[in-house]
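The next part holds the structures, each set out as structure tokens.
First subunit A sits with subunit B, and in the next complex the same chain sits with subunit C.
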Partner chain A sequence: MTYIAKPKLHHPSLVKNKAGYTRRDYEGAVSTLCAGCGHDSISAAIIQACYEIDILPHQVAKLSGIGCSSKSPTYFVGASHGFNTVHGRMPSVLTGANLANKDLMYMGVSGDGDSASIGFGQFAHSMRRGVNMTYIVMNNGVYGLTKGQFSATADKGSISKKGAANSDEAIDMVSVAIMMGATFVGRSFSGDKQQLVPLIKAAMMHKGAAFLDVISPCVAFNNHAGSTKSYDYVREHNEALNRIDVIEGREEITTEYAPGTTTMVQQHDGSILRLNKLGEDYDPSDKIAAMTRIQEGLRSGEVVTGLLYVDPTPKDLHHHLNTVDVPLNALNTPDLCPGTAALDRINASLR
Partner chain B sequence: MPQAIAAVNDFVVKFANVNGSGSASANELFARSILRMGVPVSPRNIFPSNIQGLPTWYEVRVTEKGYLGRRGGVDMMVAMNPQTWAADVKEITPGGYLFYDSTKPMPSSAFRDDITVIGVPLTAITNATYSDARQRQLFKNIIYVGALSILLGIDDKEIQKLFSEQFKGKEKLIDSNVKALQLGRDWVTQHIEPDVVRLKVRKADNVGDRIFVEGNNAAALGAVYGGATVCAWYPITPSSSLAEAFQAHCKKLRHDKETGKAKYAIVQAEDELASIGMVIGAAWNGARAFTSTSGPGISLMTEFIGLASFAEVPAVIVNVQRGGPSTGMPTRTQQSDLLSCAYASNGDTKHVLLFPEDPKECFDFTADALDLADRLQTPVFVMTDLDIGMNHRLCKPFQWDENRSLDRGKVMTAEELEAGKNFGRYLDVDGDGIPFRTYPGTHPTKGSYFTRGTTKDEYARYSEEGPVYVRNMERLQKKFLTAAKIAPQPVRYSSPKPTAYGVIYLGSTSPAMAEALDQLEADGNHVNALRVRSFPLSQAVEDFIHEHDKVFIVEQNRDAQFRSLVMNEFTLDARKLVPVLHYDGTPITARFIAADIAKKIAQFKVVPFEKAAS
Partner chain C sequence: MKPTDIKNPDYFHKVVDCQWACPAHTPVPEYIRLIAHGHYSDAYMINWKSNVFPGILGRTCDRPCEPACRRGRVEDEKLVKGKKEPVAICRLKRVAADYKDDDSIAAKMPKAPAKNGKRVACIGGGPSSLTVARDLAVLGYEITIYDQDPKLGGFIRTQIPHFRLPEHVIDEEVGYITGIGNVAFRHQKVESMKAVLAEGYDAVFVGSGAPRGRDLDVPGRKEAAANIHIGLDWLSSVSFGHITKVGKRVIVLGGGNTAMDCCRTARRLGGDDVKVIVRSGFDEMKASPWEKEDAIGEDIPILNMLVPKEVKHEAGTIKGVLFEKVVAKYDDKGRRSLVPSGEPDEFHECDDVLVAIGQENAFPWIETDAGIEFDKWGLPKLNEATLQSTNKKVFFGGDAAFGPKNIIWAAAHGHEAAISIHKMLIGENVEERPGPGVTVLSQKMGIHEWSYDNAPTIDHRFKVPHRKKEEALKDIMAEVELGFDPKLAFEEAQRCLNCDVQTVFSGSLCIECDACVDICPMDCITFTPDGEEKELRTRLTAPAMNPTQDLYIGAGLKTERVMVKDEDVCLHCGLCAERCPTGAWDMRKYYMEMTHAEHACRKQ
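And then the complex of A and B:
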């Protein structure tokens, strides 16, 4: 980490996005994570994604649990409200926040300890409910803040820094997310910005439960030989199925692509995801095929990355609850309090 | 045989039934018909944690004087459950009455010779009239209500009116119920001497405009009026009916007339941790939110309650208390979560508790709790219990001030931020310990902050520096003192004569206490009373204690938890505070309170205070 405070003044020539903000307006405080931590790359990717989709910084709400990953919301989009909740319980707090105001964009940041161990239940149930959010797990397979214990996503047989082998089966977060009903599921690598930034953008534009499992090596405790979450291992075994470009609905598609190399998926908000296929023919809208491909990757030791599953027309929790168009937190006394005449009728019915 | 008990509008009838047999609605019909005759009743369900088959009881106290606490003792037992027959018969007060189904002959050893036995062949009458099994089961219940209406002098027109209201538009159902009722009435008229039963209901005018409602239903309505838009909950006895009632009220009162869309969101969460998490998330984001639960749910919520308290996020938790510890007595009542709620969570935490006495206050306090939580930016507990929550209780009608609006507390707006008003999320600007907050999304460049459970300075910046931490903790203490001033204040009842004795009580003890005070007064034991309605304790509580030599603290738990709260919060001689404790899971009775206090006063008169108190 560095102790140098970030200067507040920006260079006048910085390019502004359509919302009138520079990329630096989406930054946060200086990171206190270790130099080289994958999480910082993910924070940078989030900053880039927010800048590129032209969102107003204060229209993002950042929520996290406890752990290294959960510290990171301090390091991006400083002009938005953040909530560092309790260990493993970010999903419920995010769900409540989303119920209160459906108009903000919810970014849930969590780690593998936070979401696969103590908060596994909340992770699963928030997917089931279709909470409109972008849920990012910064997955390093290890407990960093408590100095190197295995987490529940550590692969069976992988070796800890101290040399112990993990005997427990790993929880594959993307498989669980798909099974639990997430409508946008991707996996990426903190070291692959080109793949990661568009995935985050697409997830943020997705109007439903979007989940991203981002392998993010822990340079302090899980970056050694024998680890399956190290930079070297992931680079070597990364099996990218696709890279996507996010095209906002209003943009005209001009570039021509050779037939068979791209697939277009139009999301409900009008945005188009252009999938650049890498090698194999893969249809991310087919849930069963997605599950099969992920399981094949697990068997062969590949880290299958890319947009793995997407339902382009998701229905979110507010749809299920049939809530009014105005955010619930904007309703006031006349909307909410039925008044004395109604109360008199209720009293009369109770005699 | 002792003389048969004779009483008009002042007796207890207990129904012993089998759970799931449809008896509940018949028994409620019985209670309501007496109420319609202008005579107050106080019914109580005594039920098992079971869906079908286990014993269940329904106790109706008929009380012209309007004593709504449980009285104790049974003047008439309606014994419909062979499984509990022996214990039920044994429970009848000597001189009382046993009403039973005499279809099958019973040996004389099954009865007692100090009670009046009334046998009605309910099964035989039912089977002769109905062939369908379910009809037989349901109408048998109505037939016994018919039989009892003749024996006790209940006006059958009132019962018929209740049928018409209940089955409005379903004429067939009204007719068949009236027919069953008449079957019971006819049989008794033809076979039993009039006035064998000397317990009578006589028309009176003592109900007035009062309403008859369950506390859970009332609290749910209070949440609607208090502007709650988010309810997250997890099913747990005895609180489940509260969230369900909220849903029912919202369906009627909270849908947009044009679009039909909901102005509320209710989520049945995966557990209590998630439900309180959702409440905190919603309240952080500016919605009014609540959850309802019971003791074990509070245990699970404790970590989150600490977060909400320390990060200063509003939350309303209605705790419908049941018997603890652990799973305890899920279908019995207690006031045994006082300490676990008052001091929930690790570290130095203290929370605001409200103690409603009846459904009316469940309504008031739940609405008030939503205001208080926003004003104080902290969790507020509404401490009701099974006795209030799941029983119909006669109480004052709900009232609402048409001019009342939701008090959202100190929320800084975009305009204020734009105008350059200084915003420090944890900055005490006016000395009451309560800072300003902003809702997420308020302003593009000003007013954002990071909410966390770690320590922070006045501007929400993470800090573990000692002085910063201490400043924050002292401000929270100041906020707690502010809470003591703005929460519902105690209500005092003074004895007509000066006295050295006082009594402090709270919550569902209230109706039994009111009656006990009358009994004590009648016996020459003068006692002043203070009903505490909130924690932190108001200065009035300490003043009341100083005013008396001895203060009884009446509560429904083993460990004198409320007394502990009093001792913790004030500096006073603990020997002054005499516990009066009832905790067997049944609602506390006036007989118990009056006898215990009278006994203790008698001891104080003959031995030094210190010895008697120990």
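And then the complex of A and C:
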């Protein structure tokens, strides 16, 4: 950990966004994670994304479980709501919070232990229900807090720091998310902010269950030769399918692109995702093709990254439950207890 | 871009902006840290070695270091609650002089060895001559200093009023030099260079200053001469007690530091209505901003854009000065000229006029056939590095060399001239200059421990306490500035960013995890594909907008990208090194000392 606070002095060119904040205003406390942890880079990417899309910090709720990754919400967007829940129970607490107040922007932060082991069921069900949230898994394939055992996302055959090979199959989080019904699914790498920041922005603007699997090397226990989640391994095997740009609703698109190099995906809120093709043709709105491509990647040992799947017209939990427009926590006594006359009317209708 | 060669001593020297800007290259951050730790004597000795007159300069230096100070670039007006201000480097130097342990300093002073049989004459007893004397006396040279005034010190003693620089400070620091031994003082005005050379000196150093004050040339000047004084001469007469009063209404002509000293001195000698009247605009005045502030603080108005036209007088008694009003006009090359504004002339009544409109070099005592050539401006033709004149035995320094500068330049010249004289007299090539002494040492003490206070403060610059105005104006010997006390000195010292503790990058150790990029409060680190400097500056984490500050390029990365660090705004907080998992970043203290005559054979 670091003993001195990050100095308040800043670069002279630092500018305020439309919400009236500088990027530095979206920071949290100084990280107590190990120096070089990928999670800190993801925190920095979240800070950058929130700044770029002019988020009002008090309208964000950050929820997390237990683990290194789940400590990280302390290190970004300090002026927002936060809930550090029980191990593996972040999804249900987030679902409850979302039901009570749908006006907040929900960000679930979890790790491979929290989401792929103890909270695997919770993770799957929150995707199934289509909770409107951005669910980020900081995935390092290892239990760092307990000194480096394989986690459920460690690849079969990868070697631990002590030299043991992993004999179990790995859980592929993006495959599970797509299968369970998430409507925005991407994978990225903590060491590639150019790809990661726009993905986080797009996920936060997506009105449905958005899931990001971010490979985040554990410098202390999983950054050696033989690991498949090290900086070097991911850089060598990273197969980026696309890079996205997020174009907010009212902005006019003036740049022209050579045909076949970009695809535009219009989202429900009017925002547009511009997909810049990197090599092969890939259509992220085709669910089956997406599943196939991911499986091919697993077979050939590629780390397939980018926006993997998006449903441009998602439906969320509140839509399924047909709730009222007003957030439930804003309903007052006359709304909730309409009185004897109303009760009599309901009873009469049931007789 | 080419990877940065950090083995070149200039690279890290330039990052220490204050040291780079100082003509004598004093290791500023090092002595400021020593002051913060209360090691005043050690801080004093660092200064003494480098600039010879810490107590004097700590009160009077022109402070080229302060405009260069990094804090002036990185402070945020809202956070520090005031405008961007450099560290009070100059006044901290005085703290070292004020609180040092005089006995331990005396014990640390060098003593002259046995005479080496060579004799050197120094003409003029000012700072450049004294520096030459100090650097050469410790090598066994026999030094003779000539000066027309009864005490050594030159302009330091005659031109700077004692309310700014008490005489005991001059006595003390001159005493450290004469105390070395082998330094003789001859109270004698030199009238002939050839006569000096005829005395058989092995080398002659001319540090005679720029002693001639420019005169006013307007109608009435001669008739009212009794009440019109040349500022330089007047200050000198005040200093030696020959002049003790002045008229009630005084006009000071000129906008330089001499004018500021004249007007403040006049206030103390009976001048109730003292004003400074300047040809130029207020901002273009040559006086240092803080000297103007001090003058204004003593109720001295500064009137601008007025050119003296005529001195009005009646029966040999001065009545006042008539001024023409002017405006500044700039031609297409940006050159300024002052043209009459067409408004009616202004008349200002007065009893005395002090003329401080500039000073000039004058060498009437150097014969044309002494082998010393002069240029068309009347300045000696010199080798700029060695300060050697066309007569190989004769060297120049201080204001005598390139025209009026200041004390710190005089000390720097003195060091260089001493090196030249020593090299010449031991038969080495004078033009081969010695390189500086450099040590670079890691400051890491433990996993998160550094040997310096790395957390930058957001305190605004602390003000030096002043004596009450009523008291100060009553007594010409009462020093106006009281100096920082140890507590204020500590707080001001903490504002120093320790720019000499350098960020050193080793590409071969880097795993490109971005930890340093993410933590850097100034966004000055970027990992990116290489490019040309101009284009690279635009695509960094934050644009590098100051082309006078270098980009540190680190290579040897696995991805073949480069690490680019913009030195401009780095706080030297060390967070990059603290967050680095592999030690690819390290904070290393760069200590650079200029080489003086003692080690003149050190190779570059």
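Convention: the second predicted complex is superposed on the first by the 330 of 351 C-alpha atoms of A that agree within 3 Å, B and C clash if a C-alpha of one lies under 4 Å from a C-alpha of the other, contacts with A are read in each partner's own complex, and residues count from 1 in each chain.
As a working rule, a residue touches a chain if its C-beta (ideal position, glycine included) is under 8 Å from a C-beta of that chain, and two chains touch if they have at least 3 such contacts.
Please read all numbers here as calculations on a predicted model, not as lab measurements.
K.L.:
Let me test your reading of the model: by the given contact rule, A:231 touches which partner, first (subunit B), second (subunit C), both or neither?
P.N.:
Touch partner of A:231: subunit C, not subunit B.
K.L.:
Considering only touches as defined above, state whether A:81 meets subunit B (first), subunit C (second), both or neither.
P.N.:
Touch partner of A:81: subunit B, not subunit C.
K.L.:
Please work out whether A:44 is in contact with subunit B alone, subunit C alone, both, or neither, and reply first, second, both or neither.
P.N.:
It touches subunit C, and subunit B stays clear.
K.L.:
Looking at the overlay, does A:177 come into contact with subunit B only (first), subunit C only (second), both, or neither?
P.N.:
A:177 sits against neither subunit B nor subunit C.
K.L.:
Determine, under the contact definition given at the top, whether A:59 touches first (subunit B), second (subunit C), both, or neither.
P.N.:
first
K.L.:
Look at the residues of subunit A and decide whether subunit B or subunit C touches more of them.
P.N.:
The partner that reaches more residues of subunit A in the superposed model: B.
K.L.:
Given the touch rule stated above, what does A:36 touch, subunit B (first), subunit C (second), both, or neither?
P.N.:
second
K.L.:
Just to be sure I read the superposition right, which of the two partners does A:212 touch: subunit B = first, subunit C = second, or both, or neither?
P.N.:
Once the two structures are laid over each other on A, A:212 reaches no partner at all.
K.L.:
Output check: A:13 vs subunit B and subunit C. Expected answer is one of first, second, both, neither. What do you get?
P.N.:
After superposition on chain A, A:13 lies in contact with subunit C alone.
K.L.:
Can you list the residues of subunit A that touch subunit B in one structure and subunit C in the other?
P.N.:
none
K.L.:
Over in the complex, which subunit C residues touch subunit A? Could you list them?
P.N.:
73-76, 79, 448, 454-456, 458, 511-515, 517-519, 521-524, 542-543, 545, 558-559, 569, 571, 573, 575, 578-582
K.L.:
Along subunit A, where are the residues that touch subunit C in the complex?
P.N.:
Subunit A residues touching subunit C: 1-14, 24, 30-31, 34-38, 40-41, 43-44, 190-191, 193, 217, 219, 223, 231-232, 235.
K.L.:
Using the touch rule from the top, collect the residues of subunit B that touch subunit A in their complex.
P.N.:
For subunit B paired with subunit A, touching residues are 209-213, 221, 224-225, 227, 229-230, 232, 253-254, 256, 259-267, 269-271, 273-289, 303-304, 307, 397-400, 402, 404-406, 438-445, 448-454.
K.L.:
Mind listing the subunit A positions that touch subunit B in their complex?
P.N.:
Against subunit B, the touching part of subunit A is residues 56-59, 61, 63, 73-74, 78-86, 89, 91-101, 103-104, 121-122, 125, 129, 317-318, 321-325, 328-329, 331-333, 335-340, 342-343, 346-347, 350-351.
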